[in-house]
Structures are given as structure tokens and as C-alpha cells.
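One chain, chain A, appears in both complexes that follow, with chain B as partner in the first and chain C in the second.
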Partner chain A sequence: MEYLSIFFQYAGQYLKTRLTYRADMVVEIFSDFLFQAVNLVFILVVFGHTTLLAGWSKDEMIFIYGFFLVPFAIFSSFFNIWDFTDRYIVKGEMDRILTRPVHSLFQIVLERMELESLFGAVTGLIVMFYAGGKLGLEISWYDPFIFLLLVIGGALVYAGIFISLATIGFWSDSRTDIMPMMYNIGNYGRYPVDIYNKIIKYVLTWILPFAFVGVYPASYFLERKEWYTYAFLTPVVGLVFFMIAVTLWNVGVTKYRGAGN
Partner chain B sequence: MENIIDVQNLKKEFKSYSSRQGLKGAFRDLFTRNYTIKTAVDDISFSIKRGEMVGYIGENGAGKSTSIKMLTGILTPTDGKIVVNGMNPHKEREKFVKTIGVVFGQRSQLWWDIAVQESFRLLKKIYNVPDQQYEEHMKDVIETLDIGPLLDKPVRKLSLGQRMRCELAAALIHNPPLLFLDEPTIGLDVLVKLKIREFLKRINEKYGTTILLTTHDLSDIEALCERVVMLDEGKIIYDGPLKELRENWAEGKQIQFQFSEKATLEELQNLTKDHLVVWEQGESDLIWIASVDSDETVISGVIGKVTAVKKIADLKILEISTEEIIRNIYVEGAVRHG
Partner chain C sequence: MGKYIEMIRIRFLMMLAYRTNYYSGILIYSINIGAYYFLWSAIYGGKENIQGLSITQMTTYIAVAWMARAFYFNNIDREIAMEIKEGKVAIEMVRPYPYLNMKMMQGLGEGIFRLLFFSVPGMVIVALVFPVELSANAGTWIYFFISIGFSFIINTQINLLAGIATFFLFNNDGLIRAKRVVIDLFSGLILPLSFYPMWAQNIMSYLPFQGISYIPSMIFTEGFKGSQVFEALINQAVWSAILIIPVYVLWILAKRQLVVQGG
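Moving on, here comes the complex of A and B:
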């Protein structure tokens, strides 16, 4: 409860700061939006040549893409930890974090949040409603709740993977290019996994479970019954990966060496 | 009175890789790495009682920062026992840090972009300080540090001295019984330094705050601390009253003569051969310094004999400064006990 009130205090402060740089914020939202538009155009171009891809239609693909945008938006608003090693370990900002009576990971989430990325979720919803309308999908009263659960699960998968990677910084502060690579791999999750070969499919399901951010949960709403088990595993996988990440983090903190000064 | 800090056989080792030379060496590094273990803090023990102000001194790399970081729960000790405010700093970190205040001179606690008072409000939330306590306590702190007019400015627009005072206030928002200050006066001008010292004295008297201070500026220590702990190469080489350190080391006085004509060492030694005097040449061959015992007859004897023969332009009697004492200790590598 206390954490929630700290969160709102930070969020309020964040908005206050951002509103003083209004132009900056508009540009950022606009460039986010453009980036998503480009991705959508890519899907449209692919389907300009074919109508079905491994049994998935164009509108289904667009729907999956729209769904993917929602957990991804939540992830990018709150887990900006791709530069954790540089910012907190090398520069020694972790010292400051560790002298405060709030969990260190939570503090970093608060300090690095970028709430304007949440607009990506709006884009995602629009894309989903557009594609869903064309597919004639119906919405039941419990769908919004399931949607929320699956979105949170997906965001936790993303968060878990990236937090785990960030913890490498506690052991070694050398530069690695693993973060941008992981962002690229993450993008594979927004296409149906059965278009890939078996090994990639296995990796995207159980090792780097990005498929649980896009295609698996979205298949519930597309009424693809063969994927239902996976769809409902989403929150479980999310929770498991997130818990592994937090455990790694807590161990990592005890290995923190500090920056010399 | 009870111990607020209790450290026993504390040790911290850092493992680091040393890379080999050249391209061939880099290839070998890929397979087997050379480790070197560096002991930053080597088996130190000490305790600090409630209400004490202790100066923690040492050269760069002596292990000051590392031990402070272990005391504040930032680093995990390799070995040894630490109890601070009745807790193990690293194990119960989140609960523990509510009972301490920390100022790192080279690192800001405040948010760069937002006004100082907004930073204070965030910290108040983080430390969960009740409104009433905050109002009462901070009003006093803000007044004494004279930062009222700075509160609505963003931190990035403050000068170093202004920022440092705000940092101090920020560290005291939850009115902690123990305050760690790592180089709090680094780079500050004399007036700000004085103000900060006065403030520290005041909170020590008023709230009984225990203060552990590291600094390069020994005048800080002289002004504030009765006790010093001195580190060298990770070991404590002195722990005791500052006064004793001075007495044991600064036994003598120095008399600086500035002659109006050239003087030679031989000549001067001849003049004062009845007393125990060590002559040293100053900045030019007109300036000579005599180190003597702190004894009235010796001092007046030396001055009398020299001035009877040589013409002098200036004469100074110098007390050996703490800074010099500490330099001497590091040169000799150990502390003599009186």
C-alpha cells in the first residue's frame, strides 16, 4: 500500500516535470506512433503478396500485432532498464538507491518510468478493434478482465527477461550488446510462432518466452482453440519469469561492488 | 552509553581481473584470467557511542569509502561482523536505512530537474515521515542552513555550496540518529564550510545525532571531532582522541628566522651548539627553520644566541599543524603511542 502511494507521488512529479517540456513530450509521442505505423505497414506489405501465412489471415496478424503493443507499452513505460549497467553500476548511482528504504528495483522503475509510452497501448487498442471488427469477433462481459490478466502476464514476461539481463551488471560491468539484440528477438513474439521452425518456436515459448507477449494470449481472443492452453499459461509464465528476475536481482545486489571514488 | 556502531574484524576483498599485455595476452585472457585479490578493508574493529562525532581519515584508497559503504549497507562485507543501530546493515537494508542519513559529497541525493522542495517531498514520502514531524523538524533545519530562498529552484540551478546545504537537509528529513558524511565539504568555500560545521555541531547537541565524517580537510575534523579513526592500507593505524595525536606528535615547535644576510648551516649550528636544535633551510638561503623542543629556556636561548650575532628581518614561532602530523604518520607508517 505504501509502495502504491510512493508510486503516485513519483508519477505526479513525473507529469509535472514533463508538462514543463510540452513540445518535447509531443515529439516523443509522435515518434513512437510513427514507429508503430511503420511496423504495421510492414505487415500490410507482406500480406500484399499473400492472404494466408501458415493458416493465419492478414486481419488476424494485425490483431496479434495490436495486442502485442499493449503489454509492450506497459513494459516500456515502467521498465526502462536497458541502460542499467551504464547508469547505475558504472556511474555508481546504485549507491544512492541502496541508501533508501524502498526496494531497489522498485526505485529504479520509479526513476526511469516514461509514462508517455503508455500511448502505445491506445494505438494497440485501436488496431485490435479495427482488426477485430473486420474479423467479426464478439466481446463477452468477462473478456476485458481476461484481457487485463493476459496483458499483465505479457508485460511481466518482458520485464522478467530484461531485468534478468540487467542483473548481469552486478557481476560484470563490461559493455555488452545483448540488450538491443534482445529487443530484436522480442519482436518475433508478435508474429504467429508456427511460421518459424521448431527450434525457434521452442526458444520463444520456454527460454525467451516472447510468444507469451503476442501470439499466445491474442489467440484466445481470436478463438483459436488449439492455442488456449498456451493463452492461459501467459500469467503463469509471466509470474515465474518475473520472480526469477527478482530473485536474481536480490542476489545481484549483494554482489554489487560499487563505483570507486 | 550503548554502542551505536559496532564493527568486529571487518574485511572486504575485491576480486579484479588483470589483463595481460598485447594481442597475444588478450587471447590468453579469453581462456584463463588472472585474478588479483585486493583487500580494501583488512580486519578492522571499532565501535562508536551514541552522540559521538568521529572523524574518519586516510589517504585515497585507504579504505574509507569502502568501509563507509559497508556501514551503510551498500556493500556486503567479505568477512566480519557489523552492527549499526542494532541491525545488520546489509541483511536488513530497507529497515536499516530508515535509521541513518547519508551524504556523499560527490553524489547527489536530490533530483536534478525538480525544485528542491519537490525533492524533499519525494524523500518525505520514501521515508514515510508524518506531516507534523516533517513540518517541525524541517522548519528548523531549513532555517539553520539558510536554504529557505532556494527551495523553489531546481537543483541544477544551484551552486555547489547551495546544493551541499540542500543535500544535508535532505539527509535529515527523517531525523536519523546516525549520520554518515563522506567528504561533505569537498570543493566548498570557507564560509559555506563554516556554516555546515556549525550546523553539524548544532544537530549533534540538539538531537544527539551521532556523526561519522570522512574528509580530506583536516580543519573539518579539528573543528568537529574529538576522536579520529585513521586508516592506512585498509587497517586502522590510530583510533583515539585528536588531542592525544597532537600531543604525541607535535612535541616541538619550529622557529623560523628570516635573516637580512646570508647564513650557513655550519654557522648556525655553531651558534646553538648548547641546545638540541635541528636546522633546516627554508625557501631561500636567508630563511632557516629551527626545530626545537617545546621548552621555554630552549626557545629563548636559541633566539637569544642567534639574534645576538645575526641580523634578522623576521621571526616566527610555529606550532606543528595537524596536517603535518598526519603527513608524518603516513611517512612513518605507524603511530607512536605516548
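Moving on, here comes the complex of A and C:
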């Protein structure tokens, strides 16, 4: 309960600081839209040269992309820890975090939230409704609940992977360029995994399970029955990876020895 | 000249201190290129070629585009923005060398480091695993290296513009991100420009972005033939020269605009 009230207080402060630089915020939201458009453009251009991608049509691919945007928006609003090592370990900021009364990971989530990224979820929903309409998909009364469950699962998968990577910083404080590339790899979960060879399919399912943020959960709504098992595994995989990440974090914090100032 | 070489050297050595991490980066890059390869195989789905590029050429294109990116890519726009926000830029501006040139040289030091320790070993690994075609023609390699030199200049000039914009906007993370998206899309990094519909290609041919990724990658894959190569290189050279103007104009305006808050 206390965490919840702290969260809303931080969110309020955050909005105030953001509204100070309004011009920048507008540009940032706009650049987010552009970012989402890039991938859409990729799909559209590619389907200008082919009609089916491993048996999936253009609208299905667009739908998967729309679904992906929703958990990704939640992830990028609250888990901006891609520069954790630079920002907190190298500069010694972690010292300050550890003196705070809430869990250190929660404190970082609070400090680094970027609420404007949530607009991405709106784009995602629009894209899904557009593609779903063209595909003639029907919505049952329980679909919104399943949608919510799968979205949370997907966001946890993303959070789990990126938190785990950030914890490397506790053991080694040197710079890595892994994080930005990881965002790229995350994109491959949006394509039907059967196009990849076994190794990459395995990696995307069980090691860096980005497929659970895109094609697997989306296939439930696309009524691709052969993927249903994977679709319903999404929340489980999300929870497992998130718990691994938190455990790694808790162990890592004990290894933290301060740096900088 | 000597001082610039020294700047390049120092940045190079700074990067060298962190080199072990780059080996993990190579692995990630390889996975990235691998996934792209399978994605494109599925897109080709048995077709011989699309827009004049065979699947092998396409794989080579993707591989070289990403490896070349390691050379021309830098974060000097963020660095400039940071120095302006923290007020450090005032100190930098009284130093006995032009600030922008120094930033460019630092970027070059970083680029050379990544080219040697990242792109070259990365390309070797990728060439072993995936059907990448490396040209045996010495000319192709020479033109390619000239071309990525221009890529670096054009990309850096655009980064300088985005960085200097901080003087006017104070906080320009949004602009920097928007710039990145535009470059990803219009430079030909994720898709060769010849895949776009005609009207889009026409617009892009008037923009400098194709000089960043599309031109060097097409030269490398030998998608450009004969006079096309020279036309492409001239296009890059012209843009490298033209972009000097906005950089300097903006810089002169920015110096008048300078507000240092603390520092």
C-alpha cells in the first residue's frame, strides 16, 4: 500500500518535470510514433514484394506488431534500466538508492519511469483493431481479460530480460553495448518463429523469450490453434523470468561495493 | 593536425580499455544478422531475386550495413547535449581548438576502434556462418572504404546538428531519438532503398541519408555497377560539403544563444 502511494507521488512529480519542457515532450511523443511507424513501414514494404511470410498474411503480421506494442509500451514506461551500469554503478548513484526505504529495484523504477511511453499502447490498440477488423476477428467477452493477462506476461518477460542484463553491472562495471542490441533482438519475437532455424527459435523461446511478447500471445487472438500452448504459457514464462531477474538483483546488490565519489 | 591525431588516439585508447566487452557485442551482432538472414529467407521464399538483389546479396547487404554502422555510428549528439546541459561546454569553448572539430575527431577515434576490434572480427565470423559473399575485386573494397569515410562525415554532421540544437531547445532527447528513427529508415540500414515504392525513392534521392548506409552497402554487395559507383560517391561528397554550411550557421547562432546554468 505504501509502495502504491509512493508510486503515485513520484508519477505526479514526474509529470511536473516533464511539463517544464513541453516542446521536448511533444517531440518525444512524436518520435515514439515515428519509432513505431518504422517497423510498420518495414512490414508494408516487405509485403510489397511478397504475399505470404511462411504462411502468415500481411494483416496477421500487422496484428502481431500491434499486440507487441502494448506490453512493450508498459515495459519502456517503467523499466528504463538499459543504462543502469553507467548511471548507477559507475557514477556511484547506487549508494543513494540503497539508503532509500523501498526496495532498490523499485526505487530505480520510480526514478526512471517515462510515462509518455504509454502512448505506444494506444498506437498498439489502434493497429490491432485496424488489422483485426480487416481479418474479421471476433471479440468474446473474456478476450479483454486474456489480453490483459498476456500483456502483463509479455511486459514481465521484457522486464525480466533487461533487469537480468542490468545486474551484470554489479559484477563488472565496465561498459557493454549489449543493451541497445538487445532491443533489436527483441524485434525478432514479432515474426513467426518457424521461419528461423532451430537454434534461433530455441533462443527466442527459452533463453531470451522475446517470442512470448509477440507471435506466441498474438496467435491466440489470430486463432492459430497450433500455438495455443505457447500462448497460454506467456504469463508463466513472464513470471519465471521476472522472478529470476529479481533474485539475480537481490544477489547482485550484496556484491555491490560502491564506486565514484 | 597533430592535435587532432592526438584526440583520435586518446579516444581510441579509451575504448581499448573496455575492449573485452566488445567480444560479447560481436556475438549479439551475429545473432542479429542471423535472425535477419532467416527473416529475409522467408521473405524471399524461393524467389531468385527481388529488386535485382539475390538472397546472398541481401544477406551480405544486411551484414555489411550493420558492420559499417559500427564505424560511422557515434553518440556525439548525446555528448554535446550532455555537455551543454551540465555547463561544461563553456570550458570546452575556451580551449585552443574548435569544439566541433574536437567532437568529430573523438567520434573518429571511436569509429576506428570499432572498425578494427568489432567490425573486422565480426565480419569474419558472420562470413563463416552465413552465406555472405565477399568481393574478390580490389576496386570494390577501395570504393567501399572511401564510401564509409563519407558515411562517417555525413552521419557526424547530422549528429552535430542534432547536438547543437540543444542550445535552442535545452532538452532535446526527443529530437535526438527522432533523428535516429529517420536515419534508420531513410539511410537504408533496415531495408535497401530500392525496395521502397517509387515515390518514396524519389523523395529519398533528394535527402542526404542514403549516403550513410545504402551507398556503401550497395557498393560492397556490387549492387551498384560501373558509373553508378562514381555517381554514388559524388553524391556522398557533395552532401558532405553541403552539410558544412548548416552546421556552421547553427553553431554561430548557438554561440550567441549560449546560456550556462552553473557548471
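The working rule: the second predicted complex is superposed on the first by the 259 of 261 C-alpha atoms of A that agree within 3 Å, B and C clash if a C-alpha of one lies under 4 Å from a C-alpha of the other, contacts with A are read in each partner's own complex, and residues count from 1 in each chain.
One rule holds in what follows: a residue touches a chain if its C-beta (ideal position, glycine included) is under 8 Å from a C-beta of that chain, and two chains touch if they have at least 3 such contacts.
As the structure is a computational prediction, the values presented were derived from the model and not from experiment.
Q: Quick one: classify A:139 as touching chain B (first), chain C (second), both or neither.
A: Neither: A:139 stays clear of chain B and chain C.
Q: Please name the chain, chain B or chain C, that touches the greater number of residues in chain A.
A: Here the partner covering more residues of chain A is C.
Q: Have a look at where A:6 lands relative to chain B and chain C in the superposition and call it first, second, both or neither.
A: first
Q: Quick check on the superposed pair: does A:45 touch chain B, chain C, both, or neither? Answer first, second, both or neither.
A: second
Q: So, A:178: does it touch chain B (first), chain C (second), both, or neither?
A: It touches chain C, and chain B stays clear.
Q: Once the structures are superposed on A, label A:15 by its partner contacts, choosing first (chain B), second (chain C), both or neither.
A: neither
Q: Applying the touch criterion given at the start, work out whether A:103 contacts chain B, chain C, both or neither, answering first, second, both or neither.
A: First partner only, chain B.
Q: Using the superposition on chain A described above, determine whether A:236 touches chain B (first), chain C (second), both, or neither.
A: neither
Q: Under the stated touch criterion, which partner chain does A:257 make contact with: chain B (first), chain C (second), both, or neither?
A: In the superposed model, A:257 contacts chain B only, not chain C.
Q: Taking the two structures together, which residues of chain A meet both chain B and chain C?
A: None.
Q: If you look only at chain A, which of its residues touch chain C in the complex?
A: Within the complex, chain A touches chain C at residues 21, 23-32, 34-35, 37-38, 41-42, 45-46, 48-50, 52-54, 174-178, 181-182, 184-185, 188, 191-192, 195-197, 200, 203.
Q: For a test of understanding, state which residues of chain C touch chain A in their complex under the given definition.
A: Its residues touching chain A are 18, 20-22, 24-25, 28-29, 31-32, 34-35, 38-39, 41-45, 47, 50-51, 169-175, 177-178, 181-182, 184-185, 190-191, 195-197.
Q: What part of chain B is in contact with chain A in the complex they form?
A: Against chain A, chain B makes touches at 14, 65-66, 69, 72-76, 90, 93-95, 97-98, 100, 102, 104, 106-109, 111, 113-114, 118, 121-122, 125-128.
Q: Within their complex, state which residues of chain A touch chain B.
A: 2, 5-6, 9-10, 13, 16-17, 92-96, 98-103, 254-258, 260-261
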